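Every chain is named by a letter (A, B, C, D and E) in the order it is written, and numbering of its residues begins at 1.
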Amino acid sequence: MLHGGHLLSVLIFFPIAGSLALLLLRGDDHKFIRVIAMIVSTAEFLFSLLMLRGASIGAAGYQLEENVKWIVAPPINYHLGVDGISMFLVLLTTFLTPISVLASWNSIQLRVKEFFIMLLMLEVGVVGVFLSLDLFLFFVFWEVMLIPMALLIGIWGHERRVYAAVKFVLYTMTGSILMLVGIIWLYNATGTFDLPLIQAALANGLLTNAPQTEMLLFLAFFLAFAIKVPLFPLHTWLPDAHVEAPTAGSVMLAGVLLKLGTYGMIRFCLPLFPEASHRAAGWVALLAIIGIIYGALVSMVQPNLKKLVAYSSVSHLGFVVLGIFAFHNISIQGAVFQMLAHGISTGALFLLVGMLYDRRHTFEISEYGGLSTPMPKLAAFFLFVALSSLGLPMLNGFVGEFLILLGTYQRHWGWASWAALGVILSACYLLWSYQRVFFGQITVEKNRTLPDASWREKGILAAMAIVILWMGIGSVFITRRTETATNTVMEQIAPQRPYEAAAPARGMKQAPTGFASENQAQTTSMERLGTR
Amino acid sequence: MTAQLVVFFALAALAVIGAVSLILQKHPIHSALSLIVVMVALAGLYLLMGAEFVAAVQIIVYGGAIMVLFVFVIMLLNAGVEEHTSISKMAGIPGLLLVVALAGFVAATIAKSGASVQAATQTGMLSSTKGISEMVFKDFVYPFELTSFLILVAILGATVLAQREKS
Amino acid sequence: MPAYPILEYLWIIPLLPLLGSAINGLLGSKWPNKYATTAAISSTGLSFLCALEAVREFFANGQQLVHKQYFDWIVAGNFRGGFDLQMDQLTVVMVLVVTGVGWLIHIYSVGYMGHEGGYYRFFSYLNLFMFFMLILVLAANYALLFVGWEGVGLSSYLLIGFYFLRKSASDAGKKAFIVNRIGDFGFMLGMFLLFRTFHTLDFRAIFDAAANPAWGHEAWGQFGTFTVACLLLFMGATGKSAQLPLYVWLPDAMEGPTPVSALIHAATMVTAGVYVVARSHILFVHSETAMVVVAVVGCATAFFAATIGLVQTDIKRVLAYSTVSQLGYMFLACGVGAFGAGIFHLMTHAFFKALLFLAAGSVIHAIGGEQDMNKMGGLWKKIPWTFWTMLTATLAIAGIFPLAGFFSKDQILLGAYQISGGKPLYAVGLLTALLTAFYMFRLIFLTFTGKPRFDEHKAHVHESPWSMLGPLVALAILSVIGGWVAAPALFQGRDYFADFLAPIFGTQENAEVLGAASAHTLELTLAFVAVIAAAIGIGVAYWMYLAKPGKADELAKSMKPAYTTLLNKYYVDEFYAAAVVRPLVWLSTNVFWKAADVAGIDGTVNAIAQGATSIGDGVRHSQSGNTRSYAVWVVVGAIVILAVIFFWPSASKTAVGMVR
Amino acid sequence: MIPTNYYVILSAILFGLGVFAFIFRRNIITIFMSIELMLNAVNLAFVAFSQALGKLDGQVFVLFVIVVAAAEAAVGLGIIILIARNRQTLNVERVDLLKL
Amino acid sequence: MIDHLPRAIDIYRTLPELIWCCFGVLAMLLQPFVRSRQFFTALALIGSLAGTLASVFALVNSGPGFYGLIQSDSFSFFFRMLVGTVTFLVVLAAGPYLDRERLPIAEFYALLLFATAGMGVLASAQELLTAFIGLEMSSISSYILAGYRRDALKSSESAMKYFLLGSFATAFFLYGIALVYGATGTTLLDQMANADMTSTLLKLGLALILIGLGFKVAAAPFQVWTPDVYEGAPTPVTALFSAGPKAAAFALLLRIFATVPAATRFWFWAFWVLAALTMFAGNLGALVQTNVKRLLAYSSIAHAGYILVAFAAVTTMSSESNRGAGPAYAAVLFYLLSYALVKLGAFTIVSQLGGAGEKSLSLDDYAGLSQRQPFVAAMLSVYLLSLLGLPVTAGFFGKFYIFKAAVNSHLLWLAILMAINSVIGAYYYLRVIVVMYMREPSAEAAALSPVPFPVGVNLVLLITFAGTILFGVYPNPVINFILRPSLLGH
């Protein structure tokens, strides 16, 4: 199934090549290194654009697939593929990377080479996660992405960077290890790591898990994703990580890494464990709603600008999770869109905060005030981004939130009504902080002489602003392409499959396709192991 | 109560007494001597079981060689009465209880399951020495050869460890 | 070239202001003011002309509904939010009001803002507002309407906070936006419910579906779908149109430049709520409850705001409260089913209230930024144009025959009187009319008559430039003749306005209620009563502020508590601050953030880590370094293994399949 | 005829005493002797079993054990001498530089 | 009488051990005459290499040897290769160390080779007494090597502790053998197959054997000796300890397991408990360490725990189906391989950075290493990440296979405990990386000039690093080999 050439492999390995090239460069010629990094990331972005052409709209299933044997026992394949959802998330990643490179142009001055290498490796990990269709491969990339991010935070971060970095890693590992156990368990039940195969097995009723088993598996996966998202009680790593990370780190973290969680939910939790998802939906939604309101309220009272944005992410991602677990095709569409929108607008917010930091080296809101006077352009961009983040129609934030709430309301009007409070609160914290930072008289003398946005910054922000506006008006361009994927998910989680009643309590139905009851599945998989 | 049994109990008692005195003696030399007593007693038991070759080796190698080595070292280091420290918390009452528990359990288990070993039928029938030599040089030639290397290791170790630092 | 170009390309009307806004926003900073002026005025003016042309074509086209789909904005599942515009009689009225009044105010602003900093910014915002407002009134589905709905909120936020150096200004802007958001919360839920019920958000589809009587009780009933949906939409309306309990932002909004108050907070934006209710009237008439709520809220607001208006001394705040009160009138109209009257009042009110604000602006402009009426007086000779135009507007709002306000207010009261159980509403409405007349003339007398209460040397009073007076005059004329379209009705003639809107709202109910003749006599009597009430109000004002100056203060002293309560606007803001804002902030800071997040969750995590470390320390200390202890450990291990092998329950058999 | 059991139980007792000695003596040399005691207990068991089973390999094992014991003795005493030379004590409890 | 002499085939099947021993003897004999280190290093290298290659020869004509005392099969081949390679690398790494510490060279290598031979015997022994001899060969050599820095107090102390406790445990092991012999009448493993399971004597014997071997593999609560001995021993020797003898002991355990059904049956829960205890003991103990060498010692305890998890898996699986245990064996073997590579690399770096007299072993000495010696820091990080089990390192697959084995045999709780432990482990491995990359060195540490890395050491690092990455990306060859059904002779 090697149609579509090796575009996806290129997407994964090109940044690796780039970082190797950087590795060979001399460490002290910073200018040159930055330029190379910029070229590489931009080229990567252009490559990724080719996916739009390569993937045909409305075609079901995965496209541009690549499937090569990798490990013999247990059989693990190097299996890549995109659908509407992953395609745009990859685009988001490849778009944000050059932006981050540009954003750290001057702010990173020590160990420049290593910095950009880490950035590119991070891109590799993330793109790999989005593209891999083999559970094992997925997990590999999932872990690969961990270390570069940790180092980005830990080496180039601010005061408490080490604490934040370690916290980040430990939180993520806690989830991911359990997910590994879950993946293996799933393998034992099916004898394969291949996502499409497992989905097929579920679709035609060959694989049915006992309710309790399924719930355990679901939790194993869900925990990992919930930590990444982060869902309400598991979110405390986020503020620290964000506050301590360098601008580029925060941009990638908020823009892309958080999406890995929600992506995982859509891609794995729902399709693989439909019944469990349905049973858990209520609780998940509860947590999501708590996250929306709680995150917004906490964000509102933060004295630290970056923390404020971080908590706002908790609130926004709550919307996404809610949309996913409302099981309504509109809300899931909205969730996907919201992922992208949040990636752009929150990324932009972090960029702006970073620009303020570059000027004053503090995140304390009290240190600012009246900045509109010295830097009107930055103020204008900030307002624009803030508006998109609080969901003003015709900007990207609105489309996602609106669809999520609309869809959710169709199934559970109560959830939607509670979540909609977030719309009010987001206005509160964003406008309040904006007022405190940019309006009024200048309170701190230093601020009087701050320079307005430089050309580089203007370029970055203009790019973001254009995307924000375009997504807000031309949302159809995206939704048209994600529709089939989300509909597929909807079909996969459609509750009752006919033969369920007849299905045995655990394990799989006897069937010619080689799926055997769980124990036999083990032996079959072992035989597969043994005979290789 | 046959004569054999009397002898057995005598020797057994001797062995146990020796072991206990090994524990009770304060001076290493006395411990060494009581250990020798145990070994002699065991040799007697081997004879009782008709394993004369083993008995001989027991006396010669153990009693003769190894214990002499011990005594020699004790003299060399002129180790006096051992000082009685009890720094280790573990090796106090808890240690005592644990050891008693362990030994008691092992002994009890063996006592219970002794039946599983059927009593000897023909004692001393097999002319042990010849048989032993055959086994050593035929069936067990490989470990036998290995032991030679083992002894080389020992020699090597002794020299390396004991030789004074050459400046 | 299509037969009706503008109708074909309706989007041109909103687009022009957007262009103006974009040009000014992007390039204005580097431009001299006159370019900015040109861009702003020409764009709005052009869009006004386009609107006129569109209306002409609309009539030429035989007043058929025009509905155009331009492009898909949001599509997901079976939901389609398209960029669809439509034009019907209601739209015509709104578009003309918005573009017309808007254009006049733009012209006025040229003079008024001439010497302000951020000139281009101001016009950019103002044009942006025009764009969103036009989207709002032209939209053909709720989704797009919501775009305009939020958009005008945004522009009002920007314009109120125009003087962002003043904290009060930025506060007011923020307050306006957030309070509006609270309304929008309801509005969104309303939309969702509508979609859930009708599976679409297009006006036509929904109204056609709603119109058919197939709807069962669950939809019609006390708390059926319609009721809930209507109440939710109305919640949005209360936010946007400053009704109880969400009116609080409007008075503060006076922090913005006066033209803004005139355009946004008097003529157009604040009437959006009324427009939405009128637009969705088919849903409302299906729900008794909703109608009653609308009527009562509107009536209550009208009276409540009027009472506050009685004692305010800031000229713009008086006008603000009168706006709130007049909006209440409009909702009262809608609530009693007289939607036509509501829209009619909306139009006339747009004329005279805009005029009032602009005139007030001219006054403020004249005496150098002073807004306190106690520091004015005797201005009528110095700024005659302003005085006369403002007087006209005041008479109009007071409802004096034959000015615009008379006809519209008269219709509303009539509507209220006619519906069953509407008498109390009528009474309150009448009383409010009296109060209105009183405080408006109080304003006139304090401002223009009596002896000057300001330092004449410092403030060299001067009449405003023609760029400002022109709009005043134009609006004055409109305030006079604006109501005459309905005049013939008084003389057995036809109510052209009502007839024009009939295709949308159906014919006036009173025809059915009782015979045309008796209806007519009733109408005349009510009109007469209303004028009397207004006259009384004016009289009292004359007596208190002109005939016997100082009477007012005595009165104030004599009933101090009432007076202070009114002066402090019934302490509503204080109440909200104490009941909502401060508790929320406190809760978020101390409970959610400090307690739950930092201490609770993070504390637990760190505690776990701490615990692991301390256990680790324990393990470490089992490494006493003493060989004897180690030997005991070995014995321990031996015992553990023996115990497990000999005494572990299922140790002997390895259970297969069970999870260990 | 003496039951094998007796021998084995005796060996168990001796082994236990060896463990006891190992733990409750402080002098390194004595401790080492207690190890020898344990090995002797093992030998007794071997011989007893071989005799009971009527097979000779048990006795062969004894020979091997004795050889190993000898080797261990050589090395062990070497180490003991090293310790004694390095820190002038034979008390095992005093040798606790490595800990925690 | 001819038939009494061993046949050539027996020699072939034990060739590696014999070669190693012979070279050991050779080194001993030449020691008085040759002074140069290079010579002995070369000799030892050749010897270890020759033995390792000879194991191929042994594999080619595989089968039982010496009347079934030993078994030359894929299994023993794997372990002979493993220990042979380990020795080879240790020889390479030890050279500079011996020079630096001015220690006798020939004896060191000779002992190393004898120890290797002992491990080889352990790996191939099919009979308990032979195994015992092999065990003693490796152990006694280890005792001596541990005390090889005679004048260093710590070194001699570690030797003493290792020796006393080691022989103590050996006595248990031996007593176990005696009881098993008594119960079954034989010490040949394959003849125990049809022993009656009910015999408590057998049960007891197996239990005692497990105690002895549990001590050797440093399973909690026998682990107490490990940190002290590892810390005190010369670092290259520590590297050997952590890789070689442990692997050999595991090999013996595994073989007993695979061939003696009784053991399979009695030992399951023991392994379950030991695994849990060991994981926690190792990881929690390591949390608070500040001495890198000691920290790695604790971590090796933890890893023994992980391997024991796989053992528990073996039990259930082999009880379920005769060949079912394959994956679990694979897990153990692959883990030992990856782990040996990584630990060797790590300890080699530690020994090199330790400097003369092993002075700078504390974490603070590693602060800012990434600036001083970026490549060393990077390599050490890779090793640590492999220990932590992150992808594209061999350690990841090792951990993955163990998880898989555990889940395969429904050891869910054990798997979860292991998951928890890997998180705890992550913390202290990261701590080292953090120190190297994120903490600024103290003044004097910054002043230090980079520690030189001689060719031999670099070669070791290169090999281990390459192995770690290679098996982390493409483990197929190894997996294919260790999954062949004929892994254990029969």
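Note that in this section contacts are C-beta pairs under 8 Å (C-beta built on N, C-alpha and C of every residue); 3 or more make two chains touch, one makes a residue touch a chain.
As the structure is a computational prediction, the values presented were derived from the model and not from experiment.
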Show me the overlap between the contact partners of chain A and those of chain B.
C, E
Any idea which chain sits dead centre by C-alpha averages?
A
Tell me which chain's centre, taken as the mean of its C-alpha atoms, is farthest from chain A.
B
Quick one: which chain's Cα centre is the longest way from chain E's?
C
Higher-contact pair (C-beta pairs counted), B-D versus C-E
B-D
In angstrom, rounded to a whole number, how far apart do the mean CA points of chain A and chain E lie?
42
For chain B and chain C, what's the span in angstrom between their mean Cα positions?
102
Between chain D and chain C, distance of the C-alpha-averaged centres to the nearest whole Å
97
In whole angstrom, what separates the CA-based centres of chain A and chain D?
64
Expected list for chain D, residues touching two or more other chains, is 8, 15, 18-19, 22-24, 26, 31-32, 48-50, 52-53, 57, 64, 68, 71-72, 75, 78-80, 82, 92-93, 95-99
If you look at chain E, which of its residues touch at least two other chains?
129, 133, 136, 140, 143-144, 147, 150-151, 159-161, 164, 168, 179, 182, 204, 227-228, 412, 427
Scan chain B for residues touching two or more other chains and write them down.
87-88, 91, 95, 99, 102, 106, 109-110, 114, 117, 139-140, 143, 147, 150, 153-154, 157, 160-161
Give every touching pair of chains, nothing left out.
A-C, A-E, B-C, B-D, B-E, C-D, C-E, D-E
The answer for chain D against chain E in the complex is residues 8, 11, 15, 18, 22, 28, 31-32, 35, 38-39, 41-42, 45-46, 48-50, 52-53, 55, 57-58, 61, 64-65, 68, 71-72, 75-76, 78-80, 82-83, 86-87, 92, 95-99
Counting only contacts in the complex, chain C reaches chain B at residues 624, 626, 628-629, 631-633, 635-636, 638-639, 642, 646
Listed in rising order, chain B residues that touch chain E in their complex are 106, 109-110, 112-114, 116-117, 134, 137-143, 146-147, 149-150, 152-154, 156-157, 159-161, 165
Contact set on chain C toward chain E in their complex:
609, 612-613, 615-620, 622-623, 625, 627, 629-631, 633-634, 636-638, 640-642, 644-646, 648, 650-654, 656-660
Interface residues, chain E side, partner chain C - complex
160-161, 164-165, 168-169, 172, 203-204, 206-208, 210-211, 214-215, 219-222, 224-225, 227-228, 264-270, 272-274, 277, 280-281, 283-289, 312, 315-316, 319-320, 410-414, 424, 427
